[in-house]
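In order of appearance the chains are A, B, C and D, and numbering begins at 1 in each one.
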Amino acid sequence: MPRVVVDVMLKPEILDPQGQAVANALPRLGVSDVASVRIGRRIEIDFTGEPDLDRAREIADKLLANPVIEDFTVRLVEADETADARS
Amino acid sequence: MTARVGVVTFPGSLDDGDAARAVRISGAEPVRLWHGDPSLHGVDAVVLPGGFSYGDYLRCGAIARFAPVMETIVDAAQGGLPVLGICNGFQILCEAHLLPGALTRNQHLHFRNRDQILRIESVGTAWTNAFQPGQEVLIPVKNGEGCYVADTATLDQLEAEGRVVARYIGGNPNGSQRDIAAITNAAGNVVGIMPHPEHAVEALTGPSLDGLGFFTSVLKHLVGAPA
Amino acid sequence: MTTHPDPVRDTPEAYSAPAQPAEPSPAEPAYTATAPAPQPATADWTDGVDTVQRANGTSGELQPYTELGLRDDEYDRIRQILGRRPTQSELAMYSIMWSEHCSYKSSKVHLRQFGEKAPHSDRLLAGIGENAGVVQISADLAVTFKVESHNHPSFVEPYQGAATGVGGIVRDILAMGARPVAVMDPLRFGAADHPDTARVLTGVVAGVGGYGNCLGLPNIGGELVFDPSYQGNPLLNALCLGVLPVDRLQNKAAAGPGNVVVLMGAKTGRDGIGGVSVLASATFDEGSEARRPAVQVGDPFTEKLLIEACLELYDGQLVVGIQDLGGAGLTCALTETAAAAGTGMRVWLERVPLREPSMDPHEILASESQERMLLVVEPDKLDAVLKTCEKWGVLATAIGEVTAPEPDGRPGRLLITWQDHLVVDVPPGSLVDDGPVYARPMREPADLILLQADRAETLPRPADPEALRETVLRMIASPNLADKTWVTEQYDRYVLGNTVLAQPEDGGVIRIDERTGLGVALSVDGNGRYARLDPYNGTKLALAEAYRNVAVTGATPIAVTNCLNFGSPEDPGVMWQFAEAVRGLADGCLELGIPVTGGNVSFYNQTGAAPIHPTPVVGVLGVLDNVADRVPMGFVPRPGGDHDQIYLLGE
Amino acid sequence: MPRVVVDVMLKPEILDPQGQAVANALPRLGVSDVASVRIGRRIEIDFTGEPDLDRAREIADKLLANPVIEDFTVRLVEADETADARS
């Protein structure tokens, strides 16, 4: 059964201190070719029946993201695909 | 007749008892309100206290905004009911769109608790009329997500309309834009403040008594002193 | 060099300690960082569960008890108690309850000095043996406090390890009937400039703060010490203070046959069951290890609701008995509550709400899922209990009932079924009280004489003002003396509005009664370097320091708690340090006239063969009749320009 | 220029208090057909030159995820694609 994935990221103009902290730590790991790091939320929603993208978009808009500071995308992903791909 | 000031308890509210104590010390009667009960039980003003409502797991205040009591509060606030949101309460007010902007993760990424000097920038609100313009007060801050952000137009409008209620002085504890510590809505009845005035009401337990002014202000406001 | 003879032998010969093979059990068992040993090929777990009936018919079946940390003689004793081989579930339960962590098998013989040497106290309402000691501080109020360790998890996943450490001690306090009102956190890390310290320190501090702040508990003190001996084994000790009306004191006894056993709080998942995963049935595929998290994730929001719901249950007099679920999960809660009452218990395990439906009975019994409590409730109050839990959004489920003792007066039995199969049939006391007790060999560490010979007098002394200045600057810049604000700023010290003194004061002071001003002072102290040089006096020193820190706030010290952090008890040098430390603390308490009311032992704190410095951490609690009389640390300027006189007391 | 996306999710058997809190809040929004919600992190990494998946995997392993409790996946995404899709 496919699941719905909502990605929520801070708007580009909003400062992302977490991402910056990671970016600043990279040189210590010997990584110097990273231009920027942004950190947001990935939300996986499983529906009891057919996944409902419109419903998910509504949830994202009302609850999962704050439109003042965040953007979101909603998409369908094969559930086992995501699990398999994990290392 | 003593004023009745409601203090809402959400699951995960932490400073609700302290807010009620501050209301009592200021001379009003605290009335405890429950998140699941839409009735405001006839209170004259409402405090949304600090804490971690619903664990603050998604975004601070995001889930609390949908509590039954909030629907009533949003309506009443639009009708002029004085509402003070402290810390988590400020976050809830922003999430509920009673106040503009948003509160994000402290820029240094740590929770920070310290005694903080604020300058009261606006004494025209229901919650700050007992202060002098420009008065400096000492009030504890304690938050992990207290960094106030809004787009430039919103910030400029807040400044232009005198709706920045208090600013951090002597060091910004969380990276808030323009050192903003508290703001108000256009009508001046709804105020959100990140530091905790309810923790500065007793000499024994607080760094000062400066927090009392917020609670006495609303009493003044309620007996008809023009806001 | 001296070798102490075994001081006590109160167990059958077979259970006193011979020189034995190393036990695999770490200090906080059921927690492993590495994958458990592979399952012996001999185990033949069939499709279904391993029932009592099956155990009766397959007495020769080989069981992986060694991998579970049980010795041959311990396993034989289990068979003797049951009159058959244990089932899988029973074996898991015995391995947990007879581990060092739960049974105190190496420390018991020493710890009893705390009782024997204890000065009499009229204030003590509950002492050693309860979840936490309870001390009366006025006609109608009492306080309870205890310190515990969560060291190993805090190394592997610092944030969650520390967070769940705070969560665990808070539930101990809650179980006594108290509202938790403050926390403290004595911490030890490796060298401040070691790269891994940055990972562990930041994670631990964020975890202590994250959990405590979210529960709304002011942090009123603690310790921050850096020393290379803790590099691979940091110490996270957490103390919690609670307050209760004297008549709200709760106990854990599952009294009253017919009463309902209720599991309350979070769903049960595969948290921290790594230790018993060798019992996985043969049907588990490779890679099933991945499904057994060794680290628990804390949910402070659920714990906050658990606290509010429990307090409402106490105030409504709705519970007969209550016990928190800690490291040993349901196993410990079920057996301890039954054993404390001498009753039996009947539990339907499939009624336990699960996070993962595929869990096996032994996994459910061993799970260390956080934020759970076990209640014993009279049947006619069950509805009211469930309603209160629902109000707070806390899950509560009746999973069993209390049964009568045997007709001949012997304690009842614990019977647990899983979908109508009997998987456990044991005398609960055999798990709780009849565990092995060892008088382990002790020997003064060989290097101690040399260490002691290297005296401070041989250090160069600053000879002129310039050198003195340089020394002072070096000292105040050293991580152990430097300002602790980076840590303490991450903790809420204001919440609840009763914090009268907190960091950087020597002792924390909390107002307990707003009307009268009654309050308590608390301090926790330890000095591992001193204890390494002289564990007996080093422990006395820690006690004296905490006692002084409480006294200087203006409070009268009345009770002691402690957390004893040591290396492996199987190392005779460590065991000697431990025995000396306990003797020092018991003697010190006798001299000062205050009792030890509870505490915690954490063994196996070492990296390879190298133990940490012996680190007894001592907490002292004092009473202030009026917190307005507290004495802060700083000199307060006098109004009118009068000058204070300054005196130095002592030698 | 494509960017690297690292998705970090709690392992399936680990308690996810955030996801649970959101799932419990949904009925109040009138949503009753959601079976489960899991919340993790989405990290977007832009390299100065060619995106380097191996490098990203190393960063994820050392800095972004704690393998004791979390799984992660690393993949390439067209940068403008992600931005465009946002509502």
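In the analysis below, a residue touches a chain if its C-beta (ideal position, glycine included) is under 8 Å from a C-beta of that chain, and two chains touch if they have at least 3 such contacts.
Which chain is which protein? Per UniProt: A, D = Phosphoribosylformylglycinamidine synthase subunit PurS; B = Phosphoribosylformylglycinamidine synthase subunit PurQ.
Because the structure is a prediction, the values reported are computed rather than measured.
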Chain pair with the higher count of C-beta pairs in contact (C-D, B-D): C-D
Distance from the mean Cα position of chain D to that of chain A, given in whole angstrom: 5
For chain A paired with chain B, centre-to-centre distance based on mean C-alpha positions, whole Å: 31
Between chain C and chain D, centroid-to-centroid distance (C-alpha), Å: 35
Chain C residues counted as touching two or more neighbouring chains: 299, 301-302, 393
Of all residues in chain B, the ones touching two or more other chains: 54-55, 57-58, 63, 66
Sites on chain A at which at least two other chains make contact: 63-64
Contacting chain pairs - touch in the sense defined above: A-B, A-D, B-C, B-D, C-D
Chain B-touching residues of chain C, taken from the complex the two chains share: 206, 209-210, 213-216, 299-302, 304-305, 392-393, 488-500, 511, 627-628
Interfacial residue positions of chain B with respect to chain D in the complex: 54-55, 57-58, 63, 66-67
Chain C residues touching chain D - in the complex, by the definition given at the top: 33, 156-157, 160, 266, 269-271, 290-299, 301-302, 355-356, 369-370, 393
Partner chain D, residues of chain A touching it in the complex: 7-9, 19, 22, 25-26, 29, 31, 33-49, 52, 55, 57-59, 62-64, 71-75, 82-83, 85-87
Interfacial residue positions of chain A with respect to chain B in the complex: 10, 13-15, 17-18, 21, 63-64, 66, 68-69
